[in-house]
Amino acid sequence: MLPQHFDLLKGLVNTNYVEQAQQARNSRSKQVTALLTQRRLPDVGWKEEDIQLLLEEMASFDTNNFQGNVGVGEREGRVISDLVRRRHFGLTHGIGRSGDVMAEQPKAAGSSLIVQLTKYLALDAIRLAGIKAVKACAVLPAATGLTMTLVFLALRQMRPEGRYVVWSRIDQKSCFKAIGAAGLEPIVVELKPIEGTDALGTDIEGMQAAIERVGADKVLCICTTTSTFAPRVPDFIDEVAMMASKLNVPHVINNAYGLQCSKCTHLIEMGCRRGRVDAFVQSTDKNFMVPVGGAIVAGPSSTLVDKVSNLYPGRASMGPVLDLFITLLSLGASGWTGLLQERKENAKWFEEQLATACQKLGLRVLKARLTHLMAASAAWKKGSLPGWLAGN
Amino acid sequence: MLPQHFDLLKGLVNTNYVEQAQQARNSRSKQVTALLTQRRLPDVGWKEEDIQLLLEEMASFDTNNFQGNVGVGEREGRVISDLVRRRHFGLTHGIGRSGDVMAEQPKAAGSSLIVQLTKYLALDAIRLAGIKAVKACAVLPAATGLTMTLVFLALRQMRPEGRYVVWSRIDQKSCFKAIGAAGLEPIVVELKPIEGTDALGTDIEGMQAAIERVGADKVLCICTTTSTFAPRVPDFIDEVAMMASKLNVPHVINNAYGLQCSKCTHLIEMGCRRGRVDAFVQSTDKNFMVPVGGAIVAGPSSTLVDKVSNLYPGRASMGPVLDLFITLLSLGASGWTGLLQERKENAKWFEEQLATACQKLGLRVLKARLTHLMAASAAWKKGSLPGWLAGN
Amino acid sequence: MLPQHFDLLKGLVNTNYVEQAQQARNSRSKQVTALLTQRRLPDVGWKEEDIQLLLEEMASFDTNNFQGNVGVGEREGRVISDLVRRRHFGLTHGIGRSGDVMAEQPKAAGSSLIVQLTKYLALDAIRLAGIKAVKACAVLPAATGLTMTLVFLALRQMRPEGRYVVWSRIDQKSCFKAIGAAGLEPIVVELKPIEGTDALGTDIEGMQAAIERVGADKVLCICTTTSTFAPRVPDFIDEVAMMASKLNVPHVINNAYGLQCSKCTHLIEMGCRRGRVDAFVQSTDKNFMVPVGGAIVAGPSSTLVDKVSNLYPGRASMGPVLDLFITLLSLGASGWTGLLQERKENAKWFEEQLATACQKLGLRVLKARLTHLMAASAAWKKGSLPGWLAGN
Amino acid sequence: MLPQHFDLLKGLVNTNYVEQAQQARNSRSKQVTALLTQRRLPDVGWKEEDIQLLLEEMASFDTNNFQGNVGVGEREGRVISDLVRRRHFGLTHGIGRSGDVMAEQPKAAGSSLIVQLTKYLALDAIRLAGIKAVKACAVLPAATGLTMTLVFLALRQMRPEGRYVVWSRIDQKSCFKAIGAAGLEPIVVELKPIEGTDALGTDIEGMQAAIERVGADKVLCICTTTSTFAPRVPDFIDEVAMMASKLNVPHVINNAYGLQCSKCTHLIEMGCRRGRVDAFVQSTDKNFMVPVGGAIVAGPSSTLVDKVSNLYPGRASMGPVLDLFITLLSLGASGWTGLLQERKENAKWFEEQLATACQKLGLRVLKARLTHLMAASAAWKKGSLPGWLAGN
């Protein structure tokens, strides 16, 4: 409803009530203005109804939803099942154009707007999580693994001689496969025990040796990881970043579910400030609790992020972007930082419970600095522990 | 989104696309303007998305949906189940006030608007169905039976001496019960065979005699019926109306599912023009294909309609009004008249099929003028007949 | 999915996962079994998904949802707008038959089941709220006011001489109108100051005198109220009930939003045990936080409840029943009693805040025993007070 | 509801109605049985309600929807926004495992089932569209462009020497980018005018020459296209396939929106039968009218299809699979073949209109054998032409 409609309403219901309605309209309108001008997470999360209304209004800007429109081309966002149309709020064009997966689409102004806004909201969320150095990001409809592959492929176009990915070992299949999928060869650098602890950490010297062995110009990039399972601790991102800078080798970070952990984001922040970080990749599902299927590639400069977005051939699903947009709007800054804070407290609580439980069972908790991630993922919801852990 | 928002969008996506979006916004806005100014069925039905958007915008005018609102009174439209809230689009205040079930509610401008608009749309639909004499109507959240009771109770407040309802017999329980429920006594007037046919019709003289026997001032009203099963034909509404006028006795018509049948609406139109009709009542489910639960009480003047609406103690469910509002908007004038036309053709087709089938079975179709209703209800969807009828 | 389907699944996914799925199926199935056998609120509320699944399964039992079904009669539950159909989960037949609004419908087994189950759940909720004497109830798609009218009309069929309703005055329009709408005459009995307090209470002697003045057989019923605004306190239900019993006059209680207040339910419980209560009526929206539009008529015996249900002419909207069914399932016994408890605590908190605020403003809180209702309704959500009350 | 529940229902409603309900249950159950055993498109499309019920039942097999389940691991399908959860019907785990994007997931039996069933339904739809030679397919949550890249990357793991993609030129950016994104070099083979027509077609000799120039073992694959714009006609798939077989070079077909066009599917069928086709890729949105974001990679053997699915690193969005599953179930075999037939008729109608319009404007329609695709995409909905074409 537009301002002129409210005058028309006055013939239908009492003027006072119309004015009340108009005030309600204005307060919702201010929310939208704030979103469009500030382009960051709202302080307080939006109500579901307000989000839905915005989505439906934006969907009405896509040509497939125009009144009386019948498209005869190939990019018309036609959807034959009404159940499918509804679950996408009528946003059926997907995202991107042949040239760039983040580019706006001529026939889908509404979808394009959501893509842009989601990018801004995601940037804000990353900053709030502690990586203030972030300058650019793209939200891709591909989970972390495939997004890592895309990052490698993009780097390859910029660095055609690069054949190797120097990789600090982690026993998780996805990133390893991502290297192979991109047609590259991993050089696995084994971990090193960290003195005085049970932990295994990055072997910086080993990495440097590996790079020098094959020649820095043959190395596509160094790949480090923040999200690990004990006793492996997050890679020493800052030290690797400094080495990457020194050797002039790109540095990509697999930050799969590290955005929720201040230790991980601090490491990345330090890496960006002190050394070289070309991109860090994080999953949307693990960090923002949306369905599996999206990842954010971000960086302290837009060079590699843009290259990835530009490499992407053709259009892509809007689903993961839409899920993230809804979720970030509904959380707001306070919801997001609240979750981060809660995770911290839960992690602490969990460690205590774990220590107690272990003591009872005659076990001990490994001394492994920075291994908060396991606890992290376990502890989104307090009280969620299996009985034997929650203990007695 | 308001006009000023579109300028803000220009920083986010290409100006051309924003202008396209704005045009889409304007065309939807025109639709709303037309509805609010013309207050009749749109020529062409609205798309589901546009209806939903309007509902959600109107819901946002109800105080329970205000941002930051916390109501502390008793009329706050609180709903604890989100599933329930959603199925009502957040419209939870119901309709009416203590004084009048059609009255607007101070805390629910949006709900009140929908009530008013539905009234106008229903009036238009009744006119398009052939009753041009209609001047007022109220959509009640009570099916035909209870609505008849409410009409009788309202008449009673206007005519306290009235104890009897003179009723042209029809073998259907609901209206008979409605009379009893109102604490009144039915005077059943038997039907008369119509010469030269197999039909049973209204005994006009019998009715007059019945009225004169108890005294016209003791008669609360005459009650006639348009929706009948063969061999009973619709009551001779026009003749009864003339008698009602002559004897100065109110006349209420049970038009349960007669709105869809041009023969029935023509009879009522004639009755209104030539004689006395105080109100005619029709179900929303049978005529407009919404879930059971609503009825429209209408009349050639607003006297009795207003009295009924005014009699209603307290608030009431908005559900049946909402269903009718959605349905009328989605049908539009063309959809509604199209259905009426289709019914006519189906009725004809059905009669032919029936004749053929009967001939085969050695039966004959009753000659009963005006008995289209059975066919009517059977024939909303062509091809819907059981095999033995359609078949050969 | 039925047990045999799980074997078929084994060809599609790993047997272990199928077994896991089957266990999930069984645990949901147990929930359903408990509901059908115990017919009371589940201990813990159901998840929204489980409720929706049950609704959709039950809807599939209504003939309008049969596969390949094409109905040709008049009671086919046809719905033309898909948006409308969805918001009713396909339950479109409404409730009741001509004979009885609580009766099952031949074409709508699913809807009929929901009506029956809702009745049982409502009975359990009333008992949990403190009225253990309740034996029967009917959930009507009419708000409190109209339901009071229906109760009066039903009583009238049982007590045709009754013309007067003896009514302990309360300055709220709805019940007064309900008496008039039923064609009855109210005899208003003024309140009496309660010594040593600021409160106004029931004038028992005045009531008895009023009854004796017109003659007990001319009195249709006594009508009392539990939900009041200070300084009027709830009627002395137990004393009135004893008098009603002594004088052999029916006694109907307007318990509009009294179910949520243990003081009110205690009064009714005492009335039922010690004297005569024919029925008590409560709104579904105010007590169970559903949209406006339903009421429960209940009683310590089924006589009047059945009569009301039996009086109702024709079918009726299922909406309010459906909302209550969903809400009661989602609350469960623990959710419902939790709300009652929370209200008690909030009322206490509110009284303290009120006292403090009044003191500051040089006002005093009225001494009015039992006037918790105002606080009650205000206090569903703690922290909901306007600034000047909460403040300092 | 399970069989045992129906006995319990008998205590609540009439036995006859329960039996009716049970029959309804059985008929729905048969539908499910047919789907699970036949694993092909149902003859007639399912009703939306039945699809939704199946989705919800399957979702209840995923651990995140288990009653009382609290997951503490990293793969728990946690979703914080209820709006997001609902639009995915609770299916939040995504698809695949690290090892294989089509593999079943231990914690998501329901999602896994849908992935498997969608694969079977898609295979059936491809066969019905005319490619009977198809033996395997995978539905990927990536649009055609990226899926082509994935196919190239998979081929590269099988054929590490392959560096070139021999590509029959088409002026559309997406496939060209797909080659580059995979880090490969395109060898563009120009088109040849087809004698006696205005058309441009495949230069078979030119292709062979190009392959021989760089050496067949250096050629990763030949890439042909079926979906083209006039005057370019679809590549001569069968002839290319024979050459590919002869030269022992893989052959990948970009069949972007060719599934809907019998000419294109016939070409692929011929290619598979007479020569070598390793895979053909088609978009889900253009062929099945779902939102943009998915593609099907299919082939006459499972070798390359499996390799692609196996190459995919990590999990992926389920969205595009879900959209296709819903759409194929709702179309059924008759709906799908009906659309194909309708497209054919519309294409013919369109050509006639185009000829007439051109004649009026003094233009002529190009003689270009097989160029039905433009018409194809234009003609999904008859009557959709701009005024100047629909003409007079």
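Should a chain be cited, it is by its letter among A, B, C and D, assigned in written order, with residues numbered from 1 in that chain.
Please note the rule applied: a residue touches a chain if its C-beta (ideal position, glycine included) is under 8 Å from a C-beta of that chain, and two chains touch if they have at least 3 such contacts.
If you're wondering where the values come from, they're calculated on a predicted model, not measured in any experiment.
> Is the contact between subunit A and subunit B built from the same residue numbers on each copy (over half shared) or from different ones (under half shared)?
Here the answer is same, because the shared fraction of interface numbers exceeds one half.
> Compute the centre of every chain as the mean of its C-alpha atoms, then state which one is farthest from the centre of subunit D.
Here the answer is chain C, farthest from subunit D.
> Report the inter-centroid distance (CA atoms only) between subunit A and subunit B in whole Å.
Taking the mean C-alpha position of each chain, the two centres sit 53 Å apart.
> Report, in whole Å, the distance between the mean C-alpha point of subunit A and the mean C-alpha point of subunit C.
48
> Residues of subunit C that touch two or more other chains: which are they?
52, 82 - these are the residues of subunit C that touch more than one other chain.
> Which of the residues in subunit C come into contact with subunit B in the complex?
Within the complex, subunit C contacts subunit B at residues 48, 51-52, 70-74, 77-84, 87-89, 91-95, 98-99, 141-146, 148-149, 153, 156-157, 172-175, 177-178, 180-183, 257, 285-286, 288-294, 311-320, 323, 326-327, 330-331, 339, 377-381, 383-386.
> Please name which positions on subunit B make contact with subunit A in the complex.
Of all residues in subunit B, those touching subunit A are 1-5, 8-9, 11-14, 16-18, 20-21, 24-25, 27-29, 31-33, 36-37, 47, 49-50, 52-53, 56-57, 59-61, 63, 65-68, 90, 104, 106, 109-110, 112-113, 116-117.
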